[in-house]
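Every chain is named by a letter (A, B, C and D) in the order it is written, and numbering of its residues begins at 1.
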């Protein structure tokens, strides 16, 4: 039965953290495998989560591969499955299969500066990379994390950012002016230009809403980042996760297998159907 | 289905009816039947709706799909609609539904409509009793029921 | 293994496969389609091509993956992996046969699809060579196939008028022939020549041409932003006919179907899906990477004649012509490729 | 006889005088012996227009598609569109006008009378040829249809009545009533089948036989949704049987999507397909103008038209209602009469 790739493993929710509230609320779930049949994953990989009776959704694994006890998922309330997650309580059971997709080539980045640029719930896919890089702090040069949200209430992982400041430069932004906001006011791409990180020996990793990614990449190029220095993830609608159902197909790639992590050099060669 | 098994089924079979009842009349009528201690079959699951005219044909198809043996829609007598003409519109629409269901071969006894006012507790009991009896004879509804 | 089977012995052979489920084309509801054959006498191989392709035997429109229910608050999953009886399908046209290895590739790759293979491993395809094209939309030879291609088939039968030449191609095929041993005769002098003659003739009929097949991927790639696609899809209605009838289209959807809302019991089900439906790629946010009919037509054609070629070095099209013949508005993939190539 | 040159000239003059942005018509295609739809925008293209009983499509569908496209276009082009329309197609325009989908001045109806014939039924033709393909269909006169069979040397002559679509044999208005111009002779009644003949025949079977028939058909449905896609009246943005198309934007909520009722599942089961087809039939009650497109496009040939004509028969017989005949009338299901049938109600 274990070789049946469509049969999910059972996971149990052991922690729920309300990240942001409102119509597009985000909650972070810690999930354990009560049957001890969990799997290892790499930075950037995803898992197909299910609420039985509602369906499945492909969600980025937001915890570092170094964390073995549980897997973490940050889920924005958007539709049928994600709403069911938002209604779930600690102790509830879910289905989980994976891991799916490729990974950020973190090992190739030894000795380089890392610039992370996240927006909204798009922080989740790059969060395990940040965590792993911090855990292996001596392997990398300067680490900078840009993150922007619509308002200060919409900032994910707020507590973790405080801890992060010890080992990385953190640049937070909100879209609109707010009284008492200490960080940058404006969109993420503008904040990036404002701080202008150096492209020398650096890798930029970005994820967020499609429109943000578009301008971040433009700005990175303006700052002198080469296509090979820019990494992002793309998320298309997925159903199977194993390169068969055809929904996430972009060019010759099934994003669920060949993606979701792409360097801009690779992504440029694909049709813009994401 | 052979005849012997049908007989046993008739005896042991409790039909399930989904009853869409207008809140201004039939729903109150069913309450009256209860309050008046009229003994009648307990096979109908009542669903109170604002008006018989608000019944979408989807409700009926869905009830049969989910395994209802019969579907009853009950509203106010002609001329008595709280919204003036909802029951007239229902009559026309549900006549077509009835014809369509018959046309594809669903047993015609399984879909029923009645006018029951808030004062007609006894009539409501009669309508349900008759319906249950007829459905007992027909046996379970398998034609439109979703089969896992 | 090569044998000769007299026309009237075909029924005997079918009857000897009595522990298998046997399917063959039958003409009903104004179309040829595969139907279960109860006895050899029911078999009729005068068919053109079936409306549904043989992919339905390995990739049915509805496949239940597993059932779920809750026991003491814990979800319990029961796999519904099929365990079908050995199934033999007669009258498979070589274009459909060629679809199979292409489907095998998709359902294998790095993730083996157990549902597909449970059915596939029990399936024996008995092909029937086309002595002449069935429809003006046949173009198997234009995509590297032939009216007597053995690719994907377990057995190939060739109609010699009063008798069939029967060739066992795979182990499964030879086994199926051995089961009907008594029905067959040995191949005699001259039979081979006759088979070759029939095959040669069958290839000589004109088909829809695809000039310079090798240049098509490049042409499609270069036309990606061309307004041609929107123009060619102008009358597309966005239905699922072309893909559902295609022997190689394999896209699907997965949904949970609740049987009992009270107990939470239900099934996870795979159903066919189609890149021509507007919601196929639509995100929940409404963002749709392929929002218009032109981009969806481009996707269907590109997948078959560009992306699949890049990944597997062959077209994901076997030239059966169904998508052309059955399109309600006359969208013609051969004509589309011609225009793109110009 | 309809002279196709007249249609071409008229279409060309509409384009020349810029009275329309495009004309929807028929041309010969590469895919089959049947004509295919075309949209012409240049005067010169008018010469490619054809007219004969292989012109099956109801082009009103493309009026709907155009309106939908213009509604979301950055710079909408709402100039009128010309449409070549048979009697049934013109009734489709009528229903769309009745439902305020567009205005009368938005469309120029180039009516074409079917006169003594109608269109060829591809299923009946397939039955005649046992699945073989017609490579050419020509007409020697009103009564005979010549069919060249692909792969055969010979040409078969089939009496028209044997392969004309049921809807044409039962048609009560073969000449477009709603039109800006009409080509061909106006015909009142024709001596084919009585109206609703096929539906009446289906009704006459026993209940068990009727169910056996429809169970067989619902079971065969592939759920390709071609019937819905081709229907000019199926213009809903979100189909009631298709809960997945609901979009969560700033104006809608995740709960709305999550709580969307799934009236039927995507599985092509007998029960789910029954819900789909019956819902569709009811939704078309009083709106179906019997163009037969749903039945024509069905790849497995489910006789879908019967479901619609059954309801149109009831609408006509019980409520004296005919879809698409009067664009001013209240729709079937938004109106009633005191004398509507009541005896079926307890």
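Basically, contacts are C-beta pairs under 8 Å (C-beta built on N, C-alpha and C of every residue); 3 or more make two chains touch, one makes a residue touch a chain.
Here the structure is a predicted model, which is why all the values come from computation and not from measurement.
Q: Centre to centre, using CA atoms, which chain is the farthest one from chain D?
A: Result for the farthest chain: A.
Q: Tell me which of B-D and C-D has more C-beta pairs in contact.
A: Output for the comparison: C-D.
Q: Can you work out the whole-Å distance between the CA centroids of chain B and chain D?
A: 35
Q: So the centre of each chain is just the mean of its C-alpha atoms; given that, what is the distance between chain A and chain B in Å?
A: 53
Q: Centroid of chain C to centroid of chain D, CA atoms only: how many Å?
A: Measuring from centre to centre gives 30 Å for this pair.
Q: From the mean C-alpha coordinate of chain A to that of chain D, what's the distance rounded to whole Å?
A: Roughly 49 Å separates the two chain centres.
Q: What parts of chain B, by residue number, touch at least two of the other chains?
A: Each of 146 in chain B touches at least two other chains.
Q: Going by the touch rule set out above, which residues of chain A reach two or more other chains?
A: Chain A, residues with two or more chain partners: 54, 78-79.
Q: Specify, in ascending order, the residues of chain C that touch 2 or more different other chains.
A: Residues 253, 255, 282, 284-285.
Q: Please give the residue numbers of chain D that touch chain B in the complex, ascending.
A: 199, 202-203, 207-215, 240, 261, 263-265, 269-272, 274-275, 278-279, 281-282, 285, 306-307, 310-311, 314-315, 318-319, 332-336, 338, 340-342, 344-346
Q: Along chain D, where are the residues that touch chain A in the complex?
A: 248, 250, 253-255, 257-258, 260
Q: For the complex, give me every residue of chain A touching chain D.
A: 23-24, 54, 77-80, 82-84, 86
Q: Under the definition above, what is the set of chain C residues touching chain A in their complex?
A: Within the complex, chain C touches chain A at residues 65-66, 68, 73-75, 77, 79, 81, 106-107, 109-115, 224, 250-256, 258, 261, 264, 266, 268, 270, 273, 275, 280-285, 287, 289-290, 295, 299, 303, 306-307, 310-311.
Q: Going by the contact rule set out above, which residues of chain B touch chain D in the complex?
A: Per the touch definition, chain B meets chain D at residues 57-58, 61-62, 65, 78, 85, 88-89, 91-93, 95-108, 112-115, 127, 130, 143-147.
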